[in-house]
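Take a look at these structures.
Each of the next two complexes has subunit A plus one other chain: subunit B in the first, subunit C in the second.
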Partner chain A sequence: MTGYAPGAIVLWAICALFILIPLASFLAYSFLPVVDNAIVYEPTLDNFANLFSNSSYRTTFLRTMLLAFEVSVFNFVLGYATAYFIWRRPPAWRNVLVIALAIPLLMSYIIKIYAMRGVLGTNGLLNSALLAFGLADEPVSALLFNLTAVRITLSVVLLPFMVLPICVALERITPQVLQAAADLGASEIQTFRWVILPLSLPGAIVGAMFTFVLASGDFLAPELVGGIEGFTFGRLVFSQFGLAFNWPLGAALSVLLLVVALAVISVARRLSNPRWQT
Partner chain B sequence: MFRSLEWKLAAALVLATGTQASAQEVRLFSFEGYSEPEWVEPFTEATGCEVSVAYTGSVDEMFAKMVGSDGADYDLVSIDTSIVERYLDQGLIIPFDMSQIPNTSNLLPSFSSVAEVMSGGETYGVPIAWGSLGLIYDKEAFPDGVDSWEALWSPENAGHVLALDDANNNVTNAAIVLGLEDPFNLSDADFDAVKMKLIEQKQYLISYYAGFEEGVNMWDSSEATLMFSMGEFQTVELANRGYDVVYSIPDEGGIGWLDTWALSKGVEDSECAHQWVNHYLDGETGPAMTAKNGYGNTTNESPGLDYADKLVWLRPVEDFDRRVSVWNEVKAAQ
Partner chain C sequence: MAAPDADSRHEVAGDRTPLLRIRGLGVRFQDFEAIRPLDLDVLNGEFLTVLGPSGSGKTTLLRTIAGFQQPTAGRIEFDGRDIADLPINRRPFNTVFQDYALFPHMTVRENVAFGLRVRGIARATRDARVEDALGIVELEDLGNRYPTQLSGGQQQRTALARAMICEPRLILLDEPLAALDATLRRQMQKFLKVVQRQSGITFVFVTHDQSEAITVSDRICVMRSGRIEQIGTPRDLYYRPRSRFVAAFFGASNILEPCRIESTGEAVTMVSTPFGTMSVDGPLPQVREGLALAVRPEALVPASGDACNRIGCEVVSVSFVGSETITELRHPQTRHVLTMKTRSNPSARHPAVGSHLEVGFDAAACALVTGAQE
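Our next item is the complex of A and B:
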């Protein structure tokens, strides 16, 4: 088919207007200097030089990548188990569970983080439970205002992004395939290892990609539950825009984050669809 | 637990929805505690001007938002006298028409001719409240009181300390704690010492907080017993939640601030903005604010605020951007 359908042109226009142009303006900003609180329109590489030479930016970046990786790995396991559990329920139950899992996505992100603070705090739900069941003698303060709290909060908040793609992948496995495996004498474990897991892995990889990209750019959870350990790259970017009024440096930091996100997406894309491998 | 926060949100919502219908409105961008129903409602009744409020978490955030929008989003900002010059340099504020603010005659002598708010014979800031950045401690944990800031650097108190997330105030306070001669004009060596001091403190902190309410919320969900406070208002909020706390200015001294209303360059309803400032100096609003939120006011005596002589009043600093970047390095340090 040659030529473009009108619909495609509209979609490209929307894409350009709301995604490509804002991103391009970011890229442009990252090459501008700030002098006396004003952005000067004389292109320079100073922001990137600053970005790569400043050791505190580097360590913050690496720490944040590690954090996002940990959350992704943890959610990969937790999310797969949850999705598998949902998939094995009767179809009516399955829908209820998937909807229940998706409902938090409609809630405000900041409310969810505050809710997690209510759960993790010294006077919180988790500590009350630990005390009530005699698992602790006094409230555990180590649950909140540190990196562990950020890991827990991000894992909980981002779990739907992991579970839903895996559910979709599991749904696509037809009963005939499982019957064939059983007919050929495969045990349940063998069926899982050689049939179910390979067929659902692309969904899990997509979920891990979502989790990593969202976790690596997040700045609210680290600020609200991370305490002094929670200074992540996202907060560094935020502070350039929201506190220091250095948009160009903030833009340069964001460009680095964007490059990492694109790299992760392209790797995930290759891994998740074997037919694209060359 | 969120009683007062809900109250404020509800008030802000009611006020905000009112503004949709009315053309007359004043848009405030300020710290918490300057727009309570006790004086907002009489104002709206008297003038027909609605009041909408946006709260800020720190001095830095306020400046960045004003620069970012070129002042277009707000009519009045609550800025302290030390920072008026920075706003002036950026052309973010414009002078008041003092003939529209006759109540300035009610200002106490010490607030009626503040040099920092004047420039070229024009008035750029009208003083409305003063207070300090003191130390809050839990009475039960410290029955003998706390008389030095060093308590916030003490291993004994590790895991019980909160500090605010604000570049200039942290740098200045650390300079005061270190006993540096001029906390507003630091040398390179001073900057290094301040940075080391602030990094050293991190191991004892639970968290930094941004905003009055956020500090109180963190106190509520942690084992905090000490806090580098944003101001008297937090003691009021903590007491409301049942905490037995004391507000004190330690022996080294503490930061004192004098907040003013300043007129944004992007002001839309200039008349309402002037009327709001005038209303603030009517002799009733000030005492009401002192009674409710614990800030000193500028028109009447402020009972309970007896530590003014221990305060180091904020002045313009040598290099604000450098302070912001030092603060970022402190926060990023491990």
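Our next item is the complex of A and C:
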């Protein structure tokens, strides 16, 4: 432990206090059984056995993973297109658009979800638009309180997490490199395919990772716009803590979610750090 | 030409037809004229350097030829064909960029292959040509490295190979050596010259370094404030500058002024200076106002019997600085100080300070210059 500056020790202490200790405590909870609504301090693997044997937990888990995957793929395409559009604007415009995109990140998450509820509801913006363009004869109620509503809401709310890393990656491509490609005879499509896309892909992978991790653990959006159909793993965890008062089972479910998140992060880390970047 | 052996090094290789003809080319940014309408011919197979201080328009000129900058006036013809409206990717020549602009996600081999890949050249042909190009720039062993794993000189050579791979007849080089240290720079200058000579590709090279320009070029085009100040061989520009600016850009000169033309003969012009009447070879400047006679310090020698231009001086100081000896001389009538630079000689006796010394220079080793220095 020689050579550690006092500042580094303070930082480690803060990390331990606010991140490592809470994580360790809920990890510890996941090994405790509950008898007659009371936690018994005798470690067991019952919670994990329960987790893996219960088929409804399993389907909820798989449904949630699929949901997070769908949102990630959809946002990958939408986010890349948005970032590319922003990047192609003149610099002054670019900054305005990036700021406009980042502003929602400063807003309360619940307010954003309620806003989406307003957009998707029977009297909402989306229905008004459908009616105005003659795409529907009467308001569509199927836009809210189902899994699709969760998909749309999560896509919209998580879009900045996809767009911003791609913007950063695109911003790092120097104009000279693009000029070099044109100078060597590349068409715009060839330049995109062989230069722009590979250089910005690491950013897109980071964005997809953010989206997947955030979507897979979310419980507020499914709770508020998902209805019965939109029951996700996050809501399951929430119900164990908030409704069933079975903290140890909730902790065990969270551990599974944490493992998935760590796996996704490590894969994304590998993919987004290609050999040429070192 | 000054010397009888005419310095064959600076003779233009290849034929003398212009590969690139620039006529009335101008570039204007709002109310700033980066390039005032100018004409320039780049000859087939030559190494032409565009030299100038920063802000002289040299890089803008190169970028306009490459197609990165739209001209506001004039035409650019390549091989007899107007290319002003041709998009960058259809122009039949390639560029080496100042910061190399290598593709960071591609290996050296992939970078070099890029031009062939976009043209859909078959893999086998492509690989063979890439190996050839890597051989020319001596990077065979580093083909699988990424640009971040290369030194500056290696990146430079990768950029050169990448620009050469499609066998263009013209390569534009935008201050390609600016980022290299002095030793490497000198190596690369020699290397560029050799590659240019052997490949026969016409090079248009931009730099602000006059010694670099003299080392590598067949011809130098000196630019200043968006205009071409003078074009010529390095020897021409050095010994026969047409303006005080060009004279000063290539190093120190003795400026004999004011000058007045007395008579013009077939080859020799007689001019009167405060130091006496001197004879000058070569063309007369169009402007006759503010004339001066510029003589390089090393063109000044202790006068022998047949020197046509002679000045009697008093020795002020003699400094031995290694390979050269610098003598300062005062002209007794005008109190003007001249500098003479001679090759040091271990057995030579220096003239004593205060003694009288007759110095002279050749009619071909001086030039009439005009204009302001800065």
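As a convention for this text, the second predicted complex is superposed on the first by the 273 of 278 C-alpha atoms of A that agree within 3 Å, B and C clash if a C-alpha of one lies under 4 Å from a C-alpha of the other, contacts with A are read in each partner's own complex, and residues count from 1 in each chain.
The working rule: contacts are C-beta pairs under 8 Å (C-beta built on N, C-alpha and C of every residue); 3 or more make two chains touch, one makes a residue touch a chain.
None of the values given here were measured: they were computed from a predicted structure.
When both complexes are overlaid on subunit A, subunit B and subunit C end up sitting side by side without clashing. Using the contact criterion defined above for the overlaid structures, shared-chain residue A:T60 touches subunit B, although it does not reach subunit C.
With both structures placed on the common chain, the touch criterion links A:I152 to neither subunit B nor subunit C. By the touch criterion stated above, A:A180 is placed in contact with subunit C alone, subunit B being left untouched. In the superposed model, A:L51 lies in contact with neither subunit B nor subunit C. Applying the stated contact rule after C-alpha superposition, one finds that A:Q190 touches subunit C and leaves subunit B untouched. In the superposition on chain A, contact is made by A:P198 with subunit C only, not with subunit B. After superposition on the shared chain, subunit A has more residues touched by B, the comparison being subunit B against subunit C. Fitting both structures onto chain A leaves subunit B and subunit C with a minimum C-alpha separation of 47 Å.
Common to the subunit B and subunit C interfaces on subunit A is no residue. Those residues of subunit C that touch subunit A in the shared complex are 66-68, 87-91, 94-95, 97, 99, 101-106, 114-115, 117-119, 146-148, 162-163, 166. Per the touch definition, subunit B reaches subunit A in the complex via residues 58, 60-61, 63-65, 67-68, 89-90, 159, 167, 202, 205-208, 210, 217-218, 220-223, 321, 324-325, 328-329, 331-334.
By the touch criterion given at the top, residues 174, 176-177, 179-187, 190, 194-195, 198-199, 274-278 of subunit A touch subunit C in their complex.
By the touch rule above, subunit A contacts subunit B in their complex via residues 36-38, 56-57, 59-60, 117-118, 120-124, 139, 141, 144-145, 223, 226-228, 230-231, 235-236, 239, 241-245, 247.
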